[in-house]
Structures are given as C-alpha cells and as structure tokens.
Amino acid sequence: MSSLFNGGIKVSLFGESHGKGIGVILDNLPAGEELDLDKIAEFMARRAPKKDGMSTTRSEKDIPEILSGLYNGKTTGTPLCAVIMNSDQHSSDYGNISHIARPAHADYTGYLRYNGANDPRGGGHFSGRITAPLVFAGAVCSQILEHRGITTGAHIASVKNIKDESFDPVNITAEQLEAVKSRSFPVLSNEAEEKMRELINSARESLDSVGGVVECAAVGFPAGIGSPMMDGLENIISRLVFAIPAVKGIEFGNGFGCTELFGSENNDAFAMKDGAVTTLTNNHGGILGGISSGMPIIFRAAFKPTPSIARPQKSVDFKTMTDEELIIKGRHDPCVVHRAVPCVESAMNIALLSALIDNINI
Amino acid sequence: MSSLFNGGIKVSLFGESHGKGIGVILDNLPAGEELDLDKIAEFMARRAPKKDGMSTTRSEKDIPEILSGLYNGKTTGTPLCAVIMNSDQHSSDYGNISHIARPAHADYTGYLRYNGANDPRGGGHFSGRITAPLVFAGAVCSQILEHRGITTGAHIASVKNIKDESFDPVNITAEQLEAVKSRSFPVLSNEAEEKMRELINSARESLDSVGGVVECAAVGFPAGIGSPMMDGLENIISRLVFAIPAVKGIEFGNGFGCTELFGSENNDAFAMKDGAVTTLTNNHGGILGGISSGMPIIFRAAFKPTPSIARPQKSVDFKTMTDEELIIKGRHDPCVVHRAVPCVESAMNIALLSALIDNINI
Amino acid sequence: MSSLFNGGIKVSLFGESHGKGIGVILDNLPAGEELDLDKIAEFMARRAPKKDGMSTTRSEKDIPEILSGLYNGKTTGTPLCAVIMNSDQHSSDYGNISHIARPAHADYTGYLRYNGANDPRGGGHFSGRITAPLVFAGAVCSQILEHRGITTGAHIASVKNIKDESFDPVNITAEQLEAVKSRSFPVLSNEAEEKMRELINSARESLDSVGGVVECAAVGFPAGIGSPMMDGLENIISRLVFAIPAVKGIEFGNGFGCTELFGSENNDAFAMKDGAVTTLTNNHGGILGGISSGMPIIFRAAFKPTPSIARPQKSVDFKTMTDEELIIKGRHDPCVVHRAVPCVESAMNIALLSALIDNINI
Amino acid sequence: MSSLFNGGIKVSLFGESHGKGIGVILDNLPAGEELDLDKIAEFMARRAPKKDGMSTTRSEKDIPEILSGLYNGKTTGTPLCAVIMNSDQHSSDYGNISHIARPAHADYTGYLRYNGANDPRGGGHFSGRITAPLVFAGAVCSQILEHRGITTGAHIASVKNIKDESFDPVNITAEQLEAVKSRSFPVLSNEAEEKMRELINSARESLDSVGGVVECAAVGFPAGIGSPMMDGLENIISRLVFAIPAVKGIEFGNGFGCTELFGSENNDAFAMKDGAVTTLTNNHGGILGGISSGMPIIFRAAFKPTPSIARPQKSVDFKTMTDEELIIKGRHDPCVVHRAVPCVESAMNIALLSALIDNINI
C-alpha cells in the first residue's frame, strides 16, 4: 500500500501539499539517455496554474532539482531523484477545517486510514500538488520514448457538456499530438476552447466547479508490447491514471461506446498497408489482449468537478461526530481538466516505457 | 510482465484454452478460513456456459481440484492451488485459422509478443476460459470477505442499448446483492431480462454478437481501507478488472457521468446517521482518495461485443502478410456479459481482500 | 509474505508434504525455448531419494505433469505450470507428534504463524519435499541458460568435517560442472565420497544426522548483468538459496575467508587475456557491486544437519504448554546435502535467468 | 533491477557519491509513530567517519533533511523522504582513474551495466556513501521497533584474525545491545578493541586494508513472524544485508558452524520457561522455517577488506583494453567494519519491521 509504481520503471512519489518538499525517484531507467531539462520545464509548465482565471492563484514555480541519476546531461541508469521545494504555502487558510470533511475530498478517509496522523494541510499527500513530480516523471519518460520514435499527447475531450473534436484514432500523427501541447488551453477546436473558457469562468463566478474528459494518444509505439491478464497495457495505464486525483473512469479505444455496437460493427478489420499489418478502424484503441497492435493507442479519462468549491456545504466534523456546515477558504481551481492533460500524458508515458522495459529481449 | 497479481493476495493464473489444464495459485491468504466447496462450485457455475442459447455450447464441467492450501476444510495460510483439467476440446475447429488474425482478438498481437511460440488454439492463454480460475479465486476471496460481513455482487447493467435498473448506490443491501446471484440471467428487472435475451438470440441468429456493461457493488466494507496514489482501491480494482478479456472501460461511482455535473451537484454531502459518518448521495462510489468511505463501493465495467462472429470478416494472414477473408468456425458466445458478471465480482473480491490484508495493523 | 519469487522470472511454489499435489508456476519465461523433458527428469532424479542408505526410503517418483506453457515442445511465453501428485504418503507416521515441536523444525513457528491451521503432516509446506518443484523450475531455467552458453553446476564441498576438493574459481569449465552431475554422489574427489558415505552411514546407524556445504558455480554468464543495492546478483541468489529448507548461511567467492586477508591479498588484479578483461584471481566470486564480472560465479551454502533424528529429544507440547520427550518416527534422511546439490543449482539458475531477463535492452 | 526494497516497508535509495545529494524514500510506514530526530542523528553518527585514523578523512556532516512524511513529530503514514546534500566532494581526486578498473570495485562491471553512462566519481551509486540513507532508514525503523519492545544491536565480531567476544545467543539482553552502541568502537571486549585498532592502524600505515565480521542480534521480536520459502526472515534479511557494499557472506545462528555438528548437537531442544516456549540453546538463530521462534535473532555478515588501497595495483583500462598499473589517490578507510555496524543493524531493522507489517492480521 504505497505511492510506488513498481513496473518496468519504478516511480516512487513523495510529498505533502504544505510540507517542505515533494518529489520522485525514477528507478530502472535506461542509461545514457540525454535529457533536455528545458523541455522538462516546458512539460511541467503545462501543469502549473496560470493567471488566466482558469485555475488556482497559488503560484507554483516548481523548479525540480535533480539530485541524482543524471551525469553529463545523460541518465546514469541508477535512481534519478528530483525534488521540488514547496514555497508559496498558505497553510493558515486551512487551519479551521481540519476535522470537517470537505465533500469529495479524502479528509475523512485519510483520517481513518492514517489514524489521524496524516498531514491534513491542503490535502497533504492526497493533494493534486503531488502530480507535479508525477509530471516530472512523465516528462523524463516522454523524452526516452521520443528517442525511440514514440510520441504521446493529450487534449481536453470535454468540459462538462462542451465537447472538443476527437483525435482521429486511425490517422492521428505525432505532429498533431505535438501541436496541441503548444496551446495554452489544450484543445483541438478553437470554438470549443472559447466555450469551455466561458463555462469555467461562469462556474468560478458562481462559486462552483466543473469536470471533464481528457483524451490521450500514443503513436509510433511498436506492435507486440504488453502482456495478457495482469500486466496488459490497459492494466498498467489504468493503474497509473487512477493515481491522478479526481479520475473516476477510464476507457480504451471505443470504450463504453463499444457496448452499444454489434460485434460486426466493433471488430476492426485487419488489412495490409504499405507492407504492414494495420486495422481499418481503431475501436480497439491500439491494444488487443493487453498487447499493442501497432495502431495508435487511445484512451480517455474522466475527471470529476473540482471538489473544492466556495459555496457552503453540508458536512460532518469527524472528530466530534456532529453535523456541520462547511465553507472552504483558500485558492482553488474551478476546473482541473486543462491542468490534468500533462498528468494523463505522464501516466501514459510511464506505462509505455515500463512496458517496453519489461519486454523480454534476451 | 506476467499473469500474476502481486497485491496483498497473490493470484498467479496459468493455462491455455486447449492445453492440459488451467488453474491458479492463491498465496498469502489468511489461515484458518473455512471454505464451503459447494458454494465455490455454485459461484463458478454462474460463469459456465448454459444450454439456453445465450452462450457457447462448449461444455465446461470445470470442477477445480484443490491440490494444496486446504486442510480439514480450512485454508492453511500457505499457497492454495486449484487445477481444472481441460476435457471438451475441439482443437481441430481452430486448425485452419492459426495465422489469419481474428479481428478484435489477440492472435496477431500474441504472435508478435511471443515470437510465434504461443499456443494459438482457441486463443491460448488469451482465452476467456482463463477466467475460470480467476472466478475460482474470486469465489474463495468472497467467502473470506463474508466471514467479515462484506458482501459483493453484480448484475448486467446493459446489453447493447437495453438497460437494466441500477443498484441504489446509497441503500443497496447484501440481500439484494445475493438475490441477483440466484438468477440464471443476472439482472434486476424481469423486463430487461426478456429484452436482453431476445436481443442476444437475435444477434446469434444473425451471426453477430453484442456487448454490455456490468455493474458491481460491495457493502459492509469498512471505511479507511486503501491508499492514495498507486495502490488505491480504484487502481487495484481496475488492474484486476482489465485482466478479464473484452473489458474496454471502467468507471467508479458516477464515473463518466460526473464529468457532466457541477461540483455542487457531484459533491456528496457528509451527514451523521445512526452515529456514523455517511454521505447523502454516493457519486464517489464509496472511494475517496483511493480509500473506502464506508459507503457502498460501486463500479461499472464495459465489455465489447464478443469478437468471434461467424460472418465472413476481412483480415490478414500475418505469416504470409497477405489480405485474407476469414470465417471463424467453432462454438462461440453471442454475448459474454452475463457470464462476465461473476468474473467482475471476482476481480472486486480479490481487490478488496488484498486491500484488507495490506492494511497496516501492527 | 508468500512462496513467490517475483524477480525477472516469477516462481510461485505450492504444496504440502502430504497434500494432494505440489508444483510450481513459472511466469515470464522467454517464448520459444525448446525444453528437453528427459533432461528435466534427469535433473530432478538427482534430487530424489535413492535406495543407498544415504537418504529417506520414501519413494518419490515425482513425475511432473506440465499443464500449460509448453506447446510443440517449446515454451509459449505464457505461464508454465507443472504439478507433481503426491502418492507415497505415510501420514499416519506423523499422527502422534502434531503438537510436540520437533527441534530445528518449523512445527512450532508454523503453528504460531498460521494460527494452528497449517497442514502439519510431514512438515506441510515447510517440507523439503517442496524443493521438488523448485528443482523442476531450476531444470527449466537451466536449459534456457544453456541455450545462451551458460552452464551451472554444484558439488558437495563438505559433509561435517570431511571436505571435497574445491572448484577452481578461475579455470572451472562447463565440462567439469557437467561431469559432477553424472555422479550418483556429487563430489569431485573419490576419496571424499568414500569418507562422506561412511560418515553418513555411521550417522544413520547412530540415529543421528549430519550437514554440510554445497559449492555452486556458473560459467559463461556474461559480464555486466545485475544491479547495485537491492537487486544485485548476491541479493537475488541469496534470497532464492534461503528458500531451501536447512540453509543457514551463504558466502560468495572467498566469502568469510576474505575477512582474514589483507586488501592487497583479497583484491583481484584485472588483466587482459585473449582480448578480454579478466581477473587473475577470483576472490570476488564473479560479482562486483552486485554485477557479474565475466569470471565464474561461485558461492557456497551451509546446510544444517537434518533435524529429524530418531533419538529421543527434549521438547514441548505447544498446545498443552508442557515439557515432553519426543521420539520421531517415519523415514528420514541422515544427510540432505547430496540431495541439496540440484536444489542449490536451481536457485542459481532461477536467479541468473531472472537477472538476464531484468537486464534493460531497449 | 533497482535500488528499491519492496517488502512490507518500501525503501527506495538514490544518490551518487559525488552527485548533488543522496537520500531515501520510506513508504508504507505505520502512521503516528513519534520519531526522535536526535536519536536518528546519533544512529547516523555511528556510521560517519571519525578522525581517529580508523576511517577516511572525508568529512560527512550528513544531516538529513526530512521533506515529507513527518508531521507534528510523527510519521504521517505517507512516504517519508529524507535528503542529504553532498558537500565535501573532492571529485578531482578521481579524475585520472575513471577507466582503469579499481580491483574489487564495481568500476568495470558498472561501466558494462550502464553502457558507460553511470557516474564514476567516487564509485557513484556503488559508493559506500549510499549507506548513509540506508542507515537513516534503519534508524527510523529502529524507533518503530522500539515502540513495540524490540531492540536490535550489533558489534564487530572480528577484524581480520582478531576476534571479539560473541553475543550470548540465548541470554543476550536489550541493555547489552544498547550498551555497545555507545562505544566509539563497537566491540564487547576492551582487549579486542585495542588489538583491532592496532591492526587497522598498522594496515593503514602499510597502505593496506582489512575486513571483518559484524554480528547482529534482535531481542523482543515476537514469535510467529515470517514465512516459509521466499519471504522468510533469512531471505529478507540477507537480501537487505547484501545491499551493503563489501558484504560477501551471511550466516544465521550457528551458520557455517552447524555444518560441523551432528544433528543431535545442533538441534535446539525446546523447553517451557516461565510459561513460554523457549529453546535451551540457540543454534537456529531465532528463525525456524523462515519464521521467528521468539529466541534472539542472530546473524553474522562478512565484510571484505576495503578495496581502495594506496599501493600500486595491476589492472586494465577497460576503454582502451590495455593492461595498466593503478595508483588510487583520495581518502579511504583502512577498515570499514566498525562503520558497517550500524549499516548491518539498519538492514535488520528494515527487515524486521517489514516482516511485522507483512504479518496478516485481519
């Protein structure tokens, strides 16, 4: 029961929202991989809150210091540790709510799990802030994947009932995946961006919040990687995606949609193309039997609306065991979906690199 | 990369569809747990194909022989191994398709993954048949959970576009969960059953297949069990559920539905009830921050339509690398969703018992 | 806390001495490896008791039935399960001692660990009998290593105070390692064999037992495999060797002997030989920093004298909590060291194949 | 293949000798355990080099900064990360030897393992310096064990041929284990200390080094903890002890000595004492079948002489593949055994706490 992903890559996360520092150890990385620290910073900046009304006003510089595992600009192959010191902490904001459970947060369950000894400030280890080192890890893995011609990317598929266009599951390209990364608000359609921004602003103004769906894809991932049963790509990716707070669902390829099709509609016909085996459609999301098919890998993750809203809410004080009304102070995101995009990519990157490393090649 | 779930309980699955035998080792079970073998047989019978036109006509007696780990009717605490010998094998049915990829199956990806050395007969280790030992494992865990007042159950939430009623996420009872187990077709609504049976029959007659959604719930599971990040209940359950062939999605509580709500709608208000902390609604599906809240645990899993259909399909011969038309012979399920119900319960049972065992108590 | 080795290869052992069957699942094996079942049987026969007064008269045919993971004579890459049914069980021999702790056995500790629910007959899961599937696993790994030019072997280094010659740590060859396997009593020196046999016979006649040391070596293992810290070759090998009942110590290379040397004596000078890096001596036992150096890998394991002796012994009844005198009936080995030789090799084989598979190669 | 111990407690180590920092994440600790930071500092000081000619003159302040997992002086139960920044680095000392393999070091094997990308300065991740965070982890676990009445301790059993007295395996007390910790040179006998110091000084003066044996014990550890086969106490302890650089052997209880006894001599008779089951002797070292017996747990670890000696040594340049003479500069320990004492205790502490946490208690 740990904050450790123990796959091909071992990712050990630590930190609390208002503790001294947060960070990650990445172990079992391949040695000799050149890392571009500026690109890592760019990747992480996509997760950081921006001053555009879309997210918390908490300022997170989040400059990771790499303490080990990097030598002459390349991975050493021994554990790579990165630390981000916390600075802009407003712990006092949280002083008065420590035993009144914030709805949809882990205050109450964490209190039980840790016998009241966990750090409650800002959610402690349950905070979305711990996705910063997860994203660092994802950024590192991303570069190692790129060295092998593998590109991943993601976009906001929806915010509440506003939908973006979808990735083309058959023809999506690395260029398209890269393009969306350069947008401050990661969608494919300008029109969707405008409507989503409006909706988020409106939610913020009405002291409310919204959730949405992130769609993630990988291209260039070789066919034949993964395993049936417990260590399939779906198993690994989903285990990592559910490490991101607020995720309540995941679906691969056509996902829940495939339950409404006949087999004759959902089955992806195989066909030779340019001398290679492909499928004409990609309802399977690039994974069959837990193993990559060579088609783009595609999944979607559902994020619930941000639990922290400024409206008064009914709750209980779990220490005194009495009903209480709760008003949450502090700075919060009216929507986390845009900031979740690099988190979801990171989960994918860690999973894919892990599967590659676990592939037997002796 | 293995067929091993290495959580609190270690579940190591083996076998191929047309090999000598299939089975499972369950390791790290608590010692001294009385097992009712008749109840295990009943549990497994719910997965076995029935002669009602709803499933394959392959006859699977599937009587597991327990070779170890059980002494005087109780678990010894040392590894429990159960073996099911394969008997009714029609391997010749599969002779002519071994290198033509069946769409939506793992023939091609498995061939790549294992360099052509895997057993292709009937899907080999990728076969849904390997869920028989998974269900055995789930049945064992089910009884150990019951000894602690924990009950799980599942039903068909939908087949294609036909929907069953839903579990009441707040008030669902152990009795209701047990009741659905005694039905030959596990739904809550008689009307839904009738329509679903019709639909499945019609799909079978038109040489097609359908998929659907299974909804699973647990009651009586204590609050405070689980972990944030990588070993949360959602992480563990999803890893196990994706071990079931044909699963393409999973969602907890309100799942993808919560992305269409405002935070003020989705947040479950806490309230004291009979001296205990509860929530008035259960959009969170009994899990907050990866940890149980004491409310019913609820999730849904999406099953794609059975890939094996008797219609001619476009495909490729991945050995000769040529386009081919494929006609699948043999016996197949026009729908696997009703047989998947105990599989999903089993994934839940293994996950919950694992989480209980991983709970620190020193 | 399990009977599972979860390294590059996953080895999941099950069974009790007097249960229905014992066996093993080997998971994550490379696919397409041809297995010679006769050679596996020969390997296992080296562990089986022989009718020469050196071991128990319990007859163990021990013909493993492979239920999965082998197709057309080759590994499929999916889990390989082998089962050995128990047949020659004299459980009644053990009837009267179930709560009187046999000294140096795990009766008492097992009773506590499993709350009295473990199978006590013949030691249950603690029995040396469970080394039969371990040796099966070792025999399989042995062949996969041989396909890559790697040979392992072992001999009795000592029985009580009688010493065999030692392997030449620098020049030991595959031929020498193979040669000792064909001996019914695996030593290098005929003179040592004679004295050891005499000693074992004499111990048997005086209702006593003896222990000894097994020396194990590998040649042909490539340099550069392993890891520092927790997953070094020494860590993995020792973890596996201590899975063999009766082992109380392990040392690599010069081992405890190196503590009596100066650094200038113990350091192995490097030197070029035939274009390759070698060392002139091999006090390091082929492992530096947990990683193979290309020199023969050498270690020794200490086996305590067989705990079961027919003499009356002081003990306690741990149920009634009273002092008792104990007389052990049944068939027992006056010495297990010769039968332990293939067990130790098996631990080495599993460890080396695991390390090879864990080696990153992407 | 990682620097991660993934047992009941997860210990993830990172760092290189001359990198920015070294440290550790401890995950799955029980929550609410009060930690005395001064006692941790004292524990770590026992490992630090002292200015008494017995060790390197490298100054290691080694003040760990705890970044997470500690709140109000107690463990939170979420990952505890401690970082030690490197300061007194003399990297230039190592500049000229980076491709000439230092005998008995991991320069050559590490170069192969990491394709030349590992940090070679001062041994990089292979350095004994990485035992500082290991000892931090051991100090933390030590306190959590003490809260449960469990005390561990160790002493130098020998330096080269000079032997200390031994722990009394039956009657050793917590007080005796504590007493040896307060000695600057951890032995039981003053006479042994004097001779050992002389020997180490003499080795240093002759540009040589010596090794030795550390004996470690635990008292108060409850009976019935551990497991047979792969996760026995011996398996876990040995895996952790071999994580300490320079260890070449380990033995439990009577260890290799038991191979020279008859079974009738080596078997420890059980006897009731003060209403509890005990053994009259303790050749088994407190572990039977991998499970604690309630008697003191005792083992010994063999440390080779420090590989770094100032004498000219024969070696090779593994980049140019030529024979070379090597002269090692820099500051080195003529003996590491006294500094190894808290390292060995730490391995024991981590192993025992892991086993306690893995104990099923549901």
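Going by the order they are written in, the chains are A, B, C and D; count residues from 1 in each one.
Just so it is clear, a residue touches a chain if its C-beta (ideal position, glycine included) is under 8 Å from a C-beta of that chain, and two chains touch if they have at least 3 such contacts.
Everything numeric in this text was worked out from a predicted model, so none of it was measured.
When every chain is reduced to the mean of its CA atoms, the largest separation from chain B belongs to D. Each of C-D and A-D has its own count of C-beta contacts, and the greater count is at C-D. The best fit of Cα atoms from chain A onto chain C calls for a rotation angle of 180°, in steps of 5. Chain B and chain D have Cα centroids separated by 45 Å.
Chain C and chain D have Cα centroids lying 26 Å from one another. Distance between chain centres (mean CA atoms), chain A to chain D: 38 Å.
Residue positions of chain B touching 2 or more other chains, listed in rising order: 1-4, 13, 28, 31, 77-78, 113, 125, 228, 359-360. If you check the complex, the residues on chain C that touch chain A are 28, 30-31, 77-78, 148, 228, 356-357, 359-362. Put simply, chain D touches chain A in their complex at residues 1-4, 6, 10, 12-16, 19-23, 25, 27-28, 31-32, 65-69, 71, 74-81, 83, 85, 113-119, 124-125. Note for the complex: chain D touches chain C at residues 1-5, 11, 13, 101, 103-106, 108-110, 112-113, 125-126, 130, 158, 160-161, 203, 208-213, 223-232, 234-236, 238-240, 242-243, 245, 247-256, 258-272, 275, 277, 279-280, 283-285, 287-293, 302-309, 311, 313-316, 318, 321-323, 355, 358-360.
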